[in-house]
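Here subunit A shows up in two complexes: once beside subunit B, once beside subunit C.
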Partner chain A sequence: MLESPKELSFEATRMALDSAGLELKDIQSVVSGSAPDAFDGVHMKGEYLLDGMGGIGKPNQRVYVGGGTGVFTPIGGWWNVASGMYDTCLCVAEEKMSPLHPHPQYAFWSIFDQILERPLGTTLLWIFSLEMRRYMHKYGIKEEEIASVAVKNKGNAVDHPCAQLGAKITVEDVMNSEPICWPVKRLDVSPPSDGAAAVVLASEKVAKKLTDQPVWLDGVGWTLDTTHWTNRDLAYPEYVERAAWMAYKMAGIKKPRKEIDIAEVYDPFDYKELHHMEGLQLAGKGEAPKMAVDGVTQRDGDLPVCPSGGLLGVGNPIAAAGMMKICEVFWQLRGEAGKRQVKKDARTGLAQAWGDLMQVGTVAVMRS
Partner chain B sequence: MTPGLSTRELMFEAASRAYEDAGIDPRKDVHSFVCCTEDFWEGISITDEYMPDQLGAVLKPLCTISSDGIVGLATACMHIMSGIADVAVVESHCKSSDVLNPDEISSFALDPIYDHHVNADPRFVAGLEMARYLKETGTKRDYCAQVAVKNKKNALLNPRGVHGANLDKRAVLSSKIAASPLTELEVSKTIDASIVFVLASAQKAKKLGNHTVWINGIGWSSDTPWIEDRDMAKAAYAEQSAARAYKMAGVRNPATYFDLAEIDDTYSYKELQSLEALKLAAKGKAGKMLESGAFDIDGRLPVNASGGSLGVGHLLEATGLHRVLEAVLQLRGQAGRLQIPTVKKALVQSWRGIPTATGAVAVLGN
Partner chain C sequence: MSQKITSYPGHEITPEDVKEGKYLDVVYKFEPKYSWAAGVAISRFLAELKEGRIIARKCLNCERILVPPRMYCERCFRPTDEWVRIKDTGTINTYSISHVGTDARRLKTPILVAVVDLDGATPGMGILHNLGEVEPSKIKVGMRVRAVWKSSSERQGAITDIRYFKPIGDE
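On to the complex of A and B.
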């Protein structure tokens, strides 16, 4: 894309302000989100992005938990408002991966331990293939079952105006796509992308004045697991479960599978959607693949998952991708998702992101 | 320098001491951990990956805020005020001895299209700012040198004051030019450290002991990231941060309110420029007040009695927390030979350094 990181941020910021019917002067604080500085080659990227994000002369916090940053950015906005410090908070997430040559994957090399891991020339695809393999092995899951998630999400993305990889494909297409790091194949994984997304948060009093149709951020949660990813059972994301319960407890949710109507689950890889659904208590351990195959997670299913098209279909501009999920839940809960609108009457939605060394879970529960 | 310790070991030591001091168990009592780091200073992308274990934060809410430690402190305050945490921990560190090319890294924070290509020592921004400040306010050049003399002298009393020295104005002015008119002895040098604070809600704090220091007000702000667009004479970010923090703490007359100030002296002129932005001195008057001794350790308002960044050392994103630490020790009456009698209200302020116009302010009391 030709837009600079500042311009991408500006466009999303402007859209969010227009959607809320506000101007920058109405915004009291800004929370920004963007993943590694190495993508842009800019040190203190939060400072660099500041004017594009409307942060001049305002309190600005750049919150940062790797791939979990997108959903964490509005969580940062939540504490700005819920603490009583500010009445309105603009939350902007941006990512520009295209400047990196030959591939953004090279920037990820620098997330690994300098002594133990970098000498191996580690890539993210390696460690995720290990995780996918472990998940498949523990529960006897087939590659075809996992592939059905890619088929669903890329299909959903056909209806998303920002989609990079929307397509009607089949399980066979996924199975026949080039192995990148087995069992991860080309169509199991989301692409590198450029993008930005933004939302405006307001206190209850202000929100009620601004709109008749507010969407409430009712629960937030986040958790980080140990740095030593080699020491945990990769079959189950305990950190996602902890983050989810933190958010559920705040939102008063006791039975997530019954009380959550739609979920934008983090899906940088197709197996991750299933893996995360289990962590989020939306499926029993090892049982998410069956839900995907049975169509439960389709837009017209009982629990639509990634009706936006997710990262697999819309694209994966890291922080912006997580925020895109928050935006999708917002539109779904307001009945404004157009062709993407789910069939059921959705009142409670969830967005989740994940990142670091398979280590962080960030969860937001939203209600209309 | 800490050649024998890794970043994670430094953090472990600081955290252990803080938990011991507060009488808490991080695994049971802490609901949120906040770390202030920047990827390029760490040499790692996504640095929060490497934070949980040594803080006792595994499988707990932990996040990084890419900013100065005082913004981290504000984050922890908001976690407590919003009711998600009773006890929160803030950490920031500087392991500059691991950084081989700090100037090169700093220059990567310049605008990639318009400014980075100048390929100059990034401190040129400080030189420009200093020249502009001196011209606009009519402040005498010598006063900046006197800031360095005062702070390095104060540091001799501070066990942490590794850059303490007995110098005179002439020595400072005749040291090598760093970025004209700024000289090398007017530039703070980085040192290694990790600093950890334990914050608690009022109710919880009362149960935790008698040495509580209260955060009565906190504010943070940014001016434009474009160095070409700023009014270089003044620290607008400090003015804005102070206005928010003063409002929160109910400070009406800052010039007479405080007993102690630990403020930005990354470069000598920054102390004078900040004093004016913080309304501790009228515009253009900070230098004269300094010369009259008003900001000496036994003056009307001791400023950087600890020795500040010029005397103790600069800690990158942990610099704000260093100032808070020195103020907390004073407010608790634990500052040893540095102790100023009857400190009840303290001001701390930080700046994120070149080329940013971002800073934070906190009003502390005992």
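On to the complex of A and C.
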């Protein structure tokens, strides 16, 4: 995209303010989210982005947990508001991956252990392909079943105005796409993207003055596991489960599969959506693939997952992608998602993001 | 609100546009040099690799044998207690066939990569390494493998002192 990181941030921030009917003077604090500085080649990016995010002269904090950042940003906003410190908090997530050549993926090389892993020629795709293979092995999952998620999400994204890779494709297309890091194939992966997304959080008393249709952030959860990722059960994201239960307990949810109406699950890779659904207790262990194949997670299904089109379809501007999910749940719960609106009456939604070396879980439960 | 958005400013710049000089192209090279502290645990681990051996650390509280070794147990949050020599054989926990390099450029020969659970460590204690002397299509989860070491004169105290792991086969 032509826009600079600050301009992208401004576009999203202005839209969020307009949506809430607010001006910057009404905002008391700002939380910003952006992932690796290495994409932009600008160190201390939080400070750099500040004016595009409406943060000049206001209490500001940047939160950063890699791919988990997008959902962690409104969690940071929740600290600001739920603590009673502020009545309004602007939460903005931005990522511009395109500046880095020859490929943005290069920025991830330095997340690996510098002494024991980098000398082996690591690429970020490895952690995904190794995890995907282990997940397939443990539960006897077929590549075709996993591919059905890419088909669904890219198809859903056709209706998203910001989508980068919305397309009607088939499982066969995914299976025949280039094996870049087997079992990961080209169409199993989300693209590098530029983007920004923003929301305004307000205290209960202010929110009720602003709108008759508020969406409440009822539960938040976040946990991290160690960077010793090769010592972990790669078939199951326990750290996502911990984050989920933290959010569910706060929101009073006891049976997530029954009580969550729609879920924007983190899907940088198609298998990841399934893996995370299991961690989020939305599917039993090894059972998410069947739900995808049976259409349960389609927009007209019993548990729509990634009605936005997800990272696979809309795109994966790291931090902004997680925030895009928060925005989608907001629109879905207000019945404002247009062509993307799910069939069922959605009252409780979930957004989740994941990141770093298979170690971050960030979860938000929202209600209309 | 999203359905009300009908158009977006800006357009995509392709790599070709940049090559053709249509846009200002600023090249920024950041070439710092680091001398990392390997730390107490990994320094010993590397020294043992130089001798052709793999060493782990044991926590007597949870009784886990940890590899890569660490001087503290992150679960019990106490110092670990003893060095334990483990084997250079193990089992493939998971594997992948990588057709891309570090910067996502396509490779002529794929890199075979695996998490190998080492014998003698607590089950599930894997390390990342490469596989060799095996057809990609023959690799299986659960396959037994052994480290292929560089010669003692070539070893320098690095993870690459192990060239790769190869199937044990009928040895």
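A few remarks follow.
Keep this in mind: the second predicted complex is superposed on the first by the 368 of 368 C-alpha atoms of A that agree within 3 Å, B and C clash if a C-alpha of one lies under 4 Å from a C-alpha of the other, contacts with A are read in each partner's own complex, and residues count from 1 in each chain.
Just so we're on the same page, a contact is a pair of C-beta atoms (placed from the backbone, for glycine too) under 8 Å apart; a residue touches a chain by one contact, two chains touch by 3 or more.
Computed from a predicted model, the values in this text were never measured in an experiment.
Using the contact criterion defined above for the overlaid structures, shared-chain residue A:S177 touches neither subunit B nor subunit C, since it reaches no partner.
Contact with subunit B, but none with subunit C, is seen for A:M85 once the two complexes are overlaid on the shared chain.
Touch criterion met: A:D40 reaches subunit B, while subunit C stays clear of it.
Shared-chain residue A:Y106: touches subunit C; no touch with subunit B. Shared-chain residue A:T211: touches no atom of subunit B or subunit C.
Look at A:Q281: by the touch rule set out above, it reaches neither subunit B nor subunit C. Residue contacts after overlaying the shared chain place A:T122 against subunit C, while subunit B stays out of touching range. Contact with neither subunit B nor subunit C is seen for A:S203 once the two complexes are overlaid on the shared chain. Overlap of the subunit B and subunit C interfaces on subunit A: residues 41, 113-114, 226, 228. Touching subunit C in their complex are the following residues of subunit A: 1-3, 11, 15, 19, 41, 98, 101-103, 105-106, 109, 113-117, 119-123, 125-126, 129-131, 133-134, 137, 160-162, 178-184, 226, 228, 230-234, 327, 331, 336-340.
Residue ranges of subunit B in contact with subunit A, taken from their complex: 38-40, 43-46, 48-53, 57-67, 71, 74-75, 77-84, 105-106, 108-109, 111-113, 219-226, 236, 240-241, 244, 352, 355-356, 358. Those residues of subunit C lying in contact with subunit A across their complex are 1-3, 5-6, 8-13, 15, 28, 30, 34, 36, 38, 42, 46, 66, 68, 74, 93-105, 111, 113-115, 124-130, 136, 141, 158-160.
The touching residues of subunit A, counted against subunit B in their complex, run 4, 35-38, 40-48, 50-51, 55-66, 72, 78-80, 82-85, 107-108, 110-111, 113-114, 220-228, 238-239, 242-243, 246, 250, 355-357, 359-360.
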